[in-house]
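Two complexes follow with chain A in common, the first pairing it with chain B and the second with chain C.
Let's turn to the complex of A and B:
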């Protein structure tokens, strides 16, 4: 039986203990190679510090000597139930784009809050980003309980402060757990020092989380990546973004609206493939000689069609030092579509940490700000509701060849 | 789809993205298990007709088995094989005895630079994985390098929702890592499922096997009785020793990999 894998991101304010928690998880689940522990010991000695779990994750010389995580890192650990891919995201505001890179791949999250400091700027910003990315399985870990004498009152206070904010952005945490990553309380083992807490440890909580649901039953969406000519056969390659593609399906090609039938599903060294489930990178041949190209989306006749729009409204998280400016042309990328768009309006400019509206009808959106933005296109763009087909409901904006913003489409009726 | 199908689909998607964006592309094939798996996935992505060259950076210090394997399968799979060597340094007697960092730099990094310049590659596909080494845990799928091959790990472009940095300006080239999300165990399970050929050195002989292969003088075998893929998979499920424990370049200094990586070592 194949083991299940779950991707987990750990986020929170700088210095609230993300790397330490990960180090602790590794240590307590016996997932660290011996020479890794030796290496960490040596580095700690060289830096004149006692053994710090954080160094298990912080691999850059700079990270170790400055004590902050710069870039996201991924490692692996196991419980009885399954394997985990842990994504360590930097807490420092300078590296928010690295945090988003890490968090965008996760299926569950731990938001870590220092019991002695409470909710801080990056706690709120990271929480907002988790909400934007659509993450629903969230643990709040109130860390450094050892610094507040394992006090139930402090825990209750910090919990309330955190959940009050999370409520505003529509996140209901699955668990709120008092821990000390440094001392090992309630991480892998239940703490003797917090008898007042009777809920699960971090590991027990994680094991209750579910894998992201498959979208095999949703309406079909096949995103065309490229077209290859192989031995005289014209193979349309791409990915099933939702639903299940089957030989014989009557399909409609967007944006042209032309109709055809799936003749074969082509896979190397496999004969007679009948279907391709959601998430599959595959190739097809079709019955008619139609113009089909990268960026086209195929759906099944009779099923709910995606939307064809020349204007969309969405929430964008901006992550570039160069601002997004009203009136400018940028590149819009959604699934395999890539097309120019004009920034028509920035209806609201929002502080991603406090969620305060900084300005309405703004001219610019600056680094780390969130905007309610209207984008317009000269040709139609194919999009969908984020909840039913995430891949067609979210997009990135490229400016000067760099990914500079990520967004979720919020309004399809325009 | 099961777990291996998911890994495979993501890799094939990335390989096809890379080829769509960059026609001047090549794959680096060290002939090890990872890059051989990469070549296998590339063959799958293009239905057996690999549309770009496969580059082997040859230090001249590789194991005999590696050269044999390379020539046999390059022919069987109809690959456009380019062998890149820093002939000048090899003739001048460069070797690990002159310092391991110096040797890797001259025979790997420099040889790769020369090959990229000669053929004008704009992008390279590499079979590195995040779980291989701490520093690799921070890699992106599409990673820009400047002319001097430097990796600016402090300021990497964000990557989300399978949207990758697509173009580059000026003298940069892009490293593409389609296997980044695989683990060593995943690779072996996939090799087993797909029946991918691998160099014999990975299988135990007389109580020893190589877990990671490179240049002969700088690789040592680990004690092991795993002489089949199944036994290797079993061994990996229980081991507490890291994969690159037999690689000299990782041992020299804690930060050597980071230095090598910033200098452009693959």
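Let's turn to the complex of A and C:
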């Protein structure tokens, strides 16, 4: 039977020990290739220093950046219960972008905070993104406890500081764990240097988390990527974003509103495929010759339809040195849709680190700020509630051909 | 008080790629060494310490004798300080025997045809370079505790190891990280400076046509290696 795997993201300030924690998780679960550790250990000795997991992670990252394939075993670590996939290398430049665009859809997160430094600006920004994306399974790991003599008081202080901030962005961490990734305390093994802590280790905590429920039972959403003509067949290729697509389904094509029936589901080297579950990219043929194109969304007749709107309101995390300006035209991308839109209003400008409202009805949104923004379209855009169909509820904004911001739709009313 | 961390063959592009924040400090860039016909270690460090282009003079000594260059203290800008500490700098006080051993092993490696023997030589070469690096690092960190008005530590590890192992990115990254950590332990005004960088030639490394500089106190633009004499002296006045 295929083992279950859970997608995990580790976030926090750049110096708070993400690499070391990842290294420790890999090492303590015997998930690292022995020869790699040996190689790194030898160079460490040659340089006159102790082996640190961060170096092992450096090595793996280096291979990745060089395009040397890491076999899947190396990006996983395993517990008895399941496999964990750590998505996004820490410190990765594209990290924030990937989180928001959904390139990496984490199911759980570890927010790491240095016990000796407490919450920093980057901690808050990363936490903000977790909150914005609605991640509920969050562990706060108070790291480097070895540097504060494993002090319960320090831990309590940092915990309070962290939870105070998280509360304001709607995150209630599932666990707050004092750890030393470097020394291995409370990561895989319970620490005997912090007897005052009786909660779970990081691994025990992770094992209590649940897989994100599959959205097979939700109303169907099929996003069209392209249409091909192969051997006289017109194959509509796309991805099932939610629900389950079945042969014989009566479907409605948006935005045209035309109806048809799914005749076949086409998969390479497979015959007689009857259904495609949520998350599957596949091809279909339909009974009628309708106008169907990239960016169109198919849903099942009788089920709740997605929204067709000429105006949306969303929270945007801006990530470009060039500001987003009211009145300007930018490109809105959501699932396979790509269309121009106008920035109608920036109702609020928020500092993503302090959560302070900097300005209401602002003219501009600067780098690393969050805005409550109204976007308007000349043709209707097809969107959904972020919680039921994340892929139709999240979007990115392209300005001057660069992905410059991303966000989620907060208001679906016209 | 100013500390110079002189790193042979520290390559600008690798510092960027590995994002070594301590090596980069606040201001960093490439040096202009285009006035020299080739990026030669002995020529460049001799020019650095005197503030004059020493190429002609050094090359006149010939390939072998060049390595024995010892520029008198009073001809260097170090003489402007009362109690300077200069560690292992080529052309001034570097360990001749150590560097001679490195060059010999390097030559042996390229002369050897047998792959197995080549591996052995490389191993010996690397061990020798790393052992020297550990020693230099220890002495440098000790010196930081001392009562000096100028400190210069010269680190050859990136150059020596790079020549035979530049294609081993992990090894190079770990060396850069180690150098980065060394820089992080220096307090006060500091300059990181290389004579030249390094570029890949297959799995090996050869000198690149620019050096690297960084400071935590001043933007230097694209300085020449001979400019550092006046930069350092004006900063320590």
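Here is the rule we go by: the second predicted complex is superposed on the first by the 371 of 414 C-alpha atoms of A that agree within 3 Å, B and C clash if a C-alpha of one lies under 4 Å from a C-alpha of the other, contacts with A are read in each partner's own complex, and residues count from 1 in each chain.
Basically, contacts are C-beta pairs under 8 Å (C-beta built on N, C-alpha and C of every residue); 3 or more make two chains touch, one makes a residue touch a chain.
This one's a predicted model, so the numbers in the text were calculated from it and none came from an experiment.
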Practice item. Please tell me which partner, chain B or chain C, touches more residues of chain A. Key: B
Practice item. Would you sort A:235 into first (chain B), second (chain C), both or neither based on which partner it touches? Key: first
Exercise for review: Could you say whether A:44 touches chain B, chain C, both of them, or neither, answering first, second, both or neither?
Suggested key: second
Check your understanding: Looking at the overlay, what does A:291 touch: chain B (first), chain C (second), both, or neither?
Key -> neither
Practice item. Overlap the chain B and chain C contact sets on chain A and report the shared residues. Key: 39, 43, 59, 62
Revision key, fill the gap. The chain C residues in contact with chain A across the complex are 19, 126-127, 130, 133-134, 137-138, 169-171, 173-175, 177-178
**Study point:** chain C partner contacts - residues on chain A that touch it in the complex
**Key:** 39-40, 43-44, 46-49, 55, 58-59, 62-63, 66, 91
Point to revise | chain A residues touching chain B - in the complex, by the definition given at the top | key: 2-5, 33-36, 39, 42-43, 59-62, 70-76, 85, 97-98, 100-101, 104-105, 214, 225-226, 228, 230-231, 235, 237, 239, 266-269, 277-281, 283, 294, 319, 333, 338, 390-391, 394, 396, 398, 401-403, 406
**Study point:** chain A partner contacts - residues on chain B that touch it in the complex
**Key:** 1-6, 8-10, 12-13, 16-17, 19-20, 43-49, 130-131, 134-135, 137-138, 140, 153-154, 156-163, 165-169, 181, 183, 240-242, 245, 254-255, 258
